[in-house]
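Chain IDs A, B, C, D, E and F follow the sequence of writing; residue 1 opens each chain.
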């Protein structure tokens, strides 16, 4: 299954580490993808990447070993379809509040009879071959985000949905939704939710994923997470730049 | 003199630290520029930045405290004029082989009577104000690159040219030109040339600049260099990504 | 009625042949449009064309005799408005499931009192003249797609809606929706639906349209279809390339 | 409060004059913004500006004293979030029909607990600083458009909503909705609505805004409007061009 | 001769009025072109327009009655060829210093045997028809700029060259070259040069052109100029914006 | 040698068939490249592809089995360097008139000590690996075009130059240069030149290449040509479109 390293890792029970991109550039995308991440996710919700940029960047990712994910701007049928047609293999869907919303996300990811994705894999069938339609429902991964109080309440139903390959925790929004400040590693209500999500994933045999950083990997892996975003492009630039400037200016 | 931190630093005898950009994106550009570099250089020679990208990125740099430099693709009159019209304040000119070529670079940077830059500061006069023409020859910095054997031979004449504010050593090309392998910190013939350039700059009262990294700053400063590029965008991404992956995967 | 060759053909009872574009380029668009198609449709649903590309491509089509259609990504009020403001004269709306949804599509296409299109024809009034508002509701064509089982059930009501100029069959999705495999010329349930659509169009005096290829024209015309897409840009490239390679390599 | 000249003017009870942009270019944007408008609004509904263009143009506006507004294409959660993440400080939301719809617009503009804006200010936190989250709800302005009959009916409830900083009258659409022709300065039902809106704004202490031109300023100010768009980029070009041609051709 | 209104005007002894564009946008280009200019010139020297933008803008101009000119960044064979291949009908060549340089400009504009333009009219043959090659040397206009002291000295030889349809005075650069300040309407040495150019054009039967504004038309026409640029896009925006702001703020 | 199918074919004495691209789109590029051409050439001379487009399209080609060529706009050191830095493996250089000019082309293609290509393989070292510098001079192919009378006269010297891997006949320009009309398969002086080029290539052990079409392959192969461009993107579109329209309209 070409270019689907993430699915292979998950089938072997191993974790997948990813990079998160907000910069609309296929050069920065390829530079990062070739370092060795298991997946690279193009953020069309908060990143400055729009559909045409994403289409170019998917070409870049498809030339590497990394699996291409797209976080769509919203749980929108057309947006999900377009990302898949352009070559994404995984779709991360933000702001899912319920199993019903998650069902709609899955529905947009899969061709009939499993869903109602519209037919027209213009680039996907060029890139993945003329048999793309036959294998698409197996290749494509749907990943609802768990980042609201409501989603946590409905987590058991969400992870039980056929077609949900993983769920992805957005710690900042989840913290905000729970009345806490945005933070990648909170306590209190957030902590309870975090463990509940991991637990329900384990029970349902669904991968638990989370937006994180490299320093949090061991903690998240111990909790059972197997989809862990460890870097972001702007973070790499800003932290690296600060480090270089500090080094250059030290007496 | 708005946005010309580099010129102020040099007038006070202080060093300027810069970042080097190859990624055509105003987001990565602004992210980097706001960390605190004294200058940011858009590389139109080896970077994947073309003129329209550069024009957008100059807007981004102009909104920060960093001074905008452009490395033009060649010692080309039109390319130098266009970079300045779009808002660059410093021009780095690659592959200068002689004082005669350096004179042509200066000629393209300055309005008559100091040079023969063509009039038409379409964006520069919007950004820097209606008096741009009157102050342009003071604001603009011309920086020939010293990266060939021939340029080293002619270094005394080059640094003596009126209008040359600094010279910029390209260690990789200079090493290659001297029959050595490309490297940012070579010895042998390269080392001799490196010290000769610094010496002639000091005699002429011209700033010595060099393409480097943060770890080489103390060495270069001791030699007298006061324009030191310490980071590159692709380098920050690739090294940071490697660091994150190593951290994530360590047992 | 400048640039509205399709409407003229339909008023004379003649068929209109079109090309379908997925490549975001005004050069390929103009190259194709000038060959002699009656309409050219920019596919913003499955194609890799986004709004800014479409705006440039509409300029290209407007310089030819072909009538510009846009397939919007979804039955979305804003998307339909924007395509029209940018110069489209026909809107093809995917995934229409009912007369109610078709009514919403029409509503977005027409200015009050016929619909509730928002006023602001920024490019349209430049291109089509200062009297654009007065003539827009006459010029603009709304074409709901019939590509789901539900739409077929509601076909009589859909084609009876004032403001529906034509309907457009999407054979692949319609086949999938009916439990068949995606194909441009299916039998069984698809065949029944195909004839039912043609029949209801004839009764209502609405044009029947279909996504096809040049080889299927005579069949579709016999059934009564008068809006027939006969080429796609990627299809032309891929089939032509295969033919050239075969010719080059034959012994 | 950097770059928020409009909010300062309103707090002092003064009017804000703005320019309206449809041309996707950061050069025309910066050229206009530097002339001295209090705000510049990027029109993503009827203008030919899409999200990536808007992101570049926001960089340009952020380098001037003008406050950046974006008119989003629709009352869409993701579209509002993305405009804010890219650096907009004011959001103008078209086609608001009721207080309920206005409430949803506010909800998308503000972080919890005031709203449910999703966290991820990728560019905003670079541009406005690391404390962006803490100050965002104070900086950001939400401006529902009043351009339908229904909205006028619900105007009292709309202007009473916490988080509504101003409302913005779209005279063309409001005229159309009231059964009149599109016109920037209508009478009859439009005139009654116009005065009702101004009155309810005054009562609620909310700023009344309107799409206008420079010649209508004194009239609108007398009625109490304090957010007045006086120029549009295409209008400036077309009227100026007509004036130049007339002058050139006069005998 | 489609789209060559300028050549027709000149053949009838009439003047042609033009607009000068620096903004890379086909919307602003089309908006201006449709107002009624005889030509529209894309400035790739001082404008922020690069080749891909120019290609889109030429599509826009080709859809109007205006004749498309391109000012290339330099007297460069490839740049001239590319502008023509993309659909330009007139080439304005900056910084011509001598008849020899003008001859090279003509050589790049015309196919053999009149010049050595390389064959490959990719877009031109689509837009102007399959007989483009046969008519190109008649359609294309070559316009060297006279904007240096040296060019004035060689003006008699320049205007005598076969293939030079017009010359175009750049008042700012010509003033600078003559030791004066940049100004569109200078006296002294500039004035003498201005009249000498007009005189030599009249003798040679070549059109005299000049970069001007609408207020200078009567003066230039009296001197014999028949190619007069009367507007620039950024000028229209900035002057119009200043006028609107003044009107809005007057007591 | 990853992605260098052409070099492998030539080393085995086999012909390489290629496609020629003028449309700036990575989708059309990838669609074509995946059909099975041995090389795909991006035409930056007559095509509407500029450097940023080329950079994206090279990513697309690098994801396929085809070898990426770029025809640079001119025999320009910087243009050749930039195409290679962006990932091209073959450079086709137009308008070569002499062995001396060909020598300059080779010089720009190869790193010291074989040439003087400047160091900075920003994308190439990401795509082809950290050992790119060590293998670049072996991977990169330099292909001067023979399309002028002068080049034919100097053909023996041109094909004898170390570093010239192949030469490429431009039949249209060569015909024009020899006083004939542009045509892909001429007689007379062109025919003599055509055979002379093939002969000198054979003697020197250099590959003879030619711009052709699929129908001319057997003729060219018999003459000894082993680099044959058989398709162009615009040609595929226009011929295919004409065929479809003819088929659709036949009675």
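The rule we apply is simple: a residue touches a chain if its C-beta (ideal position, glycine included) is under 8 Å from a C-beta of that chain, and two chains touch if they have at least 3 such contacts.
This is a predicted model, so every value here is computed, not measured.
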Requested in this report: Trace the shortest chain of touching neighbours from chain A to chain E and give its length in steps.
Outcome: 2
Query - Chains contacting each of chain A and chain B, listed by label - result: D, F
Query raised in the report: What is the size of the turn, to the nearest 5°, that moves the C-alpha atoms of chain D onto the matching ones in chain E?
Result: 180
Report task. Let me have the rounded angstrom distance from the C-alpha centre of chain C over to the C-alpha centre of chain E, please. Result -> 41
Requested in this report: Between chain D and chain F, tell me the centre distance in angstrom, where each centre is the average of that chain's C-alpha atoms.
Outcome: 52
Query raised in the report: Hey, what residues on chain D touch two or more of the other chains?
Result: 22, 24, 27, 31, 48, 50, 52, 55, 76, 122-123, 126, 234, 238
Requested in this report: For this structure, give each pair of chains that are touching.
Outcome: A-B, A-C, A-D, A-F, B-D, B-E, B-F, C-D, C-E, C-F, D-E, E-F
Report summary line: chain C residues touching chain A in their complex are 22, 24, 43, 45-48, 50, 52-53, 73-74, 76, 94-95, 147, 170, 172-173, 176-177, 179, 182, 234, 238
Query raised in the report: Mind pulling up the chain F residues that touch chain C in the complex?
Result: 17, 19, 22-25, 27-28, 31-32, 35-37, 48, 213-215, 217, 228, 230-231, 233-245, 247-249
Query - Residues of chain A touching chain F in the complex - result: 26-27, 30-31, 34, 55-56, 59-60, 62-63, 122-123, 126-127
Query raised in the report: In their complex, what parts of chain E are in touch with chain F?
Result: 50-52, 55, 76-79, 81-82, 85-86, 111-113, 116, 118-123, 126, 133
